[in-house]
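Below, subunit A partners subunit B and then partners subunit C, in two separate complexes.
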Partner chain A sequence: MIDFGYGISPSSAINLERFDRARFDRLCAEEPDVLKCMACGSCAASCPTAGHGNMNLRKVILLLGRGCDSDALAMTRSCMLCGKCLLVCPRGINTRHLILSINKIYK
Partner chain B sequence: MEPKNQQKNIVVIGGGPAGIEASRTLDSLGYTVFLIEKEDRLGGHLARWDRLFPYGTPAGDVLGQMTASMGRVKWFTGTEVTQLNRLERGYNIILSNGMSVLADALLLTTGFSLFDASRKEEYGYGIYDRVITNADLEDWFSGIPVPAIDSPRRIGFVHCVGSRDEKVGNRYCSKVCCATAVKQACEIKEKFPDAVVYCFYMDLRMFGRGYEDMYLEAQKKYGIIFVRGRVSEVSEDKDGHLFVKAEDTLAGKPLRVTLDLLVLMAGMTRNTAVAPIVRALELSTMEDGFLKPKDSMTQAQSSYAAGIFYAGACTGPKTIPDTVAEAKAAAMSINEYLRDND
Partner chain C sequence: MQDRFISGYHDFVLPFMIGMIFILSYLAIGIIRVIIQLPAKDRKKFFLSLINPRLWIINLRDIICDVLLHTKIWKRKPLLGYMHSSIAFGWFMLIVLGHIETWMFVPDRLSTFYYPVFFRFFVMETDHTIGGSFFFFLMDFFLLIVLSGVFLAMFKRIRSMVFGMRRTTRNQLPDRLAMYCLWAIFPVRLLAESFTAGIAGGSFLTRPMYWLFSNFLSDTYHILPTWWAYSTLLGTFFVLLPFTRYMHIPTEAFLIVLRNAGIKVSHPRNGYTTAQIYSCSNCGMCIDACPMMSQKKNLRYATVYFNRLLRRRNWAKCEISADKCLMCGKCVAVCPVNVDSCNIKQSLRAMRAVPAASDYSYFNTYSAPEPSPEKVLYYAGCMTQLTPVIYKSVGTVLDKAGIEYTFMDRDGGICCGRPLILAGRNEQAQEMIRKNTELIRQSGATTLLLSCPICYKVFRENYDLKGIRIVHYTEYFDELMRLGRINIKNSGEKIVYHDPCELGRGCKVYKEPRRVLGAAGELVEAEKHHDESICCGGSLGSLTLSYEDRKDITLHSLDNLMYASPERIVTACPLCLKTFSPYSPKKVSDFAEVVAQNMN
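Moving on, here comes the complex of A and B:
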């Protein structure tokens, strides 16, 4: 490949056209509460990795729901499954279990 | 009931929920009530809606209950006010049916107009075939054919169309359209269970009792996808599909999607049909054109003019329960006014 000295980064736009919902639907079937997330950000705010890693459960849920799987999964790698987010989620989502299911379904 | 109240005439202009409810209450207080509606049926916008948020109550049932007992109210449809004069005490009102009434008090319940969605050209209402409004969708739910709705598989709802928009001169929130969007999203998903349904919102204003439950049900039971971001533009491909651009502000990324149907949540705007009355009586309006009450806290039903009162959406966007409560409050304000000025 010729090196022009610069590159075009792949588009970071969300294109719902190319989103194959099958895997997300499987996640919803196993973790129906994932649909209840109202993007409040409590989970991300209370996460002990905040400021160190890039785990942000609010964003993980959102990005999986938009077909941006690799961005989402890059985040879950910093999670240490401490379960703190579970204590603060106002929608009562079992977030820790959800993260485990994400890791299983998207592995 | 004061027997002498019967000698007092009250003219109510506008036969929507506010006018109907206020007329019935004033009638039960013994007053002689004339209710004037310019359209050929009572009910105002309520007569056009199919089911109401948040519980899906049929609008026809609500209207039926309201109009079941109009008492001695003299109501006239297809009738307008042709002339209005202020007298030393009260008002002289001449109607298009030739009647003339000497009114001791006047209640304006002239309601709102639906925002003309074609003014937001970037959304393509009136240009692209598959762009419709919330009101068009209510028509379809009521059984009126809407050709744009042809087994859609991808459906979008756009919140805040003509509201929270200084460019069209409406800075305010229309209050009812978030709840309407969520209600309609669930209803259309029920009709087309395989469709993917998106709501594009800036803030979700689910303030009322039962609204948050409706939102939760929309997410969990119906799988409605909520995207926080204002649709910036819509274009049409050669097959008539709609290409939609927005920012997914929670992801911080631009978002693109193609849809088969786009429903615009047209907001509530001032009703220009009240303009001649405003001019004749020199009433005050707010900068957005809605009628201005004397005091928004404690005298929301009073105007600046003696003997003229307001109820319902003529003073700003309101739900039906708000409107009905104001109608009752206006009847009490009129009752106090007539008692004190006896």
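Moving on, here comes the complex of A and C:
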């Protein structure tokens, strides 16, 4: 993609070359549940940080898939690990362990 | 009664002496190491406890009850209790009586270490004295007691179910060798004493055996080999001891002294924890108790195996085991030695936690709640936010009772911090504790009402809220009921109460919710209740347990609750409510909901 150095809005282009497959595979090995996510957003809707912090687990998984690792990691910093997302997830994802694993692998 | 040998020595005592010197030096070094590894303030506590006469009495009582008589096992399973106390108390009495008879009949030999152990080999009876036969009777009697215990122990290996244990620990090679030694020690002692009964005399057990053997065995040839065998077995047992489960025999007394000094787990392996894991008798009570054991593949995560791995410092496997644990505390509740495994696992998690940067600057956006006239502050917590029925019912009850309160996190609040502590991130949890404390202090409340047991535990243990009464709504409603501020009518419905782990075992609140529910309906008990209640499976304690595994635990726990076929299951924890609801065959309600429904 050609970067002209200016634009009207911040670029929303996805550069898949930045996606680190090896790292993501390690995450999948640590917590296979990450692949179960269907991005319904229940986790974000129930999150106690909503309206205060900027944690959004759906978005974290999305960002990881797009190769925006540092943005994803920055989001998890405001997580309180309270486990509400664990209880509302319709796919039964072990969200707390997923967040801990992301912190461990993408540090 | 007098000496048979002028020297008072025979070569066969050597194996015993080698074993004994080994184990005593091992223990001495171990105890010194534990004391050195204790944090300075704990070490001070320990030494102070040694000069406190009141603690001496408590220590003595606990050592007699737990180490010798095993009262805790008696209460749970009498036959198992008899097995333990017969071996422990019987053996203890044999040692004590051995010393007493040495002191009475050959006082010069009391300084010879092995003499009381092999007393009957070294003495001969010149005439039948009353004193001598009295002691011989006692010795034979206690030997019989020990033998009965040993036979029960052998039988337990074949049919553990008879003792009320569905599963028992898998032993490893050193454990097995030591176990066979232990089984053989007392029968061989009986044989040795029987063969010697012609010279040294005997009582109701050894003398008939001597007569029996003398009919077909030329006894004098059997005396020495059997004493050699007895000494060798003792020596082998002592040498094996540090590498086996039987290490709990000498270490438990030390653990009791440390515990009564008020020392808590501070490191996952060193210091106090060393005393704890060496005192684990690998009895396997925790295997049947653990809710995870409803699936066979989880057997390896039982606390007993965790302790064993920790003894060998197998950190990788320990971590897996610790991360799986639900932290429900049931293994601690049933443990005969009170090994505080939950805290050990938690400190392991804290030590192995990956350092992660956190950013809680958004905490500043929360503002302090307005004070209410009665200064009651209600903190619902994250989990209650997911179950609106709870905070609505709490509101109904408080309104009807005429209590004005402030809802601290009506529009969402900061987590209490316990989930982070459970994940081993103590530092981050401190930020939450600090901010919540600040908000609560600013509100000017004098009573903090909680509806989530998870929050309740952390507020009681980790927060510094002096002057503010921290109360769970089960306790608060019970108090309101007794003060007559709320009236509850009996609907006659058959209700079973589920003890949430954090409220029951965690905070010891059992009777208050039962008293209120007893007034609201016909209260029945589950098969396992109070401190033996089974975790709902939703616990935040487990980090890695999968959804499917949790579901299995939930179904198992529900089976347990349906024991007396109740019409409704009542719990006092939002997490339990949320976990049970999808799978329960009967309606699951929250405590507050039941109270609100049955109010006049």
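Basically, the second predicted complex is superposed on the first by the 94 of 107 C-alpha atoms of A that agree within 3 Å, B and C clash if a C-alpha of one lies under 4 Å from a C-alpha of the other, contacts with A are read in each partner's own complex, and residues count from 1 in each chain.
Rule of thumb we're sticking to: contacts are C-beta pairs under 8 Å (C-beta built on N, C-alpha and C of every residue); 3 or more make two chains touch, one makes a residue touch a chain.
Keep in mind the model is a prediction, meaning the values are calculated, not measured.
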item	value
When subunit B and subunit C are modelled together on subunit A, clash or fit	fit
Partner chain(s) touched by A:12 [first = subunit B, second = subunit C, both, neither]	first
Contacts of A:62 with subunit B and subunit C, given as first, second, both or neither	first
Partner chain(s) touched by A:35 [first = subunit B, second = subunit C, both, neither]	first
Partner chain(s) touched by A:74 [first = subunit B, second = subunit C, both, neither]	second
Which superposed partner A:45 touches (first subunit B, second subunit C, both, neither)	neither
Which of subunit B and subunit C A:82 touches, first, second, both or neither	second
Residues of subunit A touched, compared between subunit B and subunit C (which is higher)	C
Three-chain overlay, closest Cα atoms of subunit B and subunit C, distance in Å	15
Set intersection of subunit A contacts, subunit C complex versus subunit B complex	33
Interfacial residue positions of subunit A with respect to subunit C in the complex	33, 46, 48-54, 74, 76-78, 80-84, 86-88, 92-94, 96-97, 100, 103-104, 107
Complex interface listing, subunit B residues touching subunit A	196, 216, 219-220, 223, 225, 228, 248, 250-251, 253-258
Footprint of subunit B on subunit A - complex, ascending	12-17, 21, 28, 32-33, 35-39, 58-59, 62-63, 65-66, 68
Touch list for subunit C against partner subunit A, complex	323, 354-360, 362-363, 365-366, 382-383, 385-386, 412-415, 417, 419-420, 423, 425, 432, 538, 540, 543-548, 575, 578-579
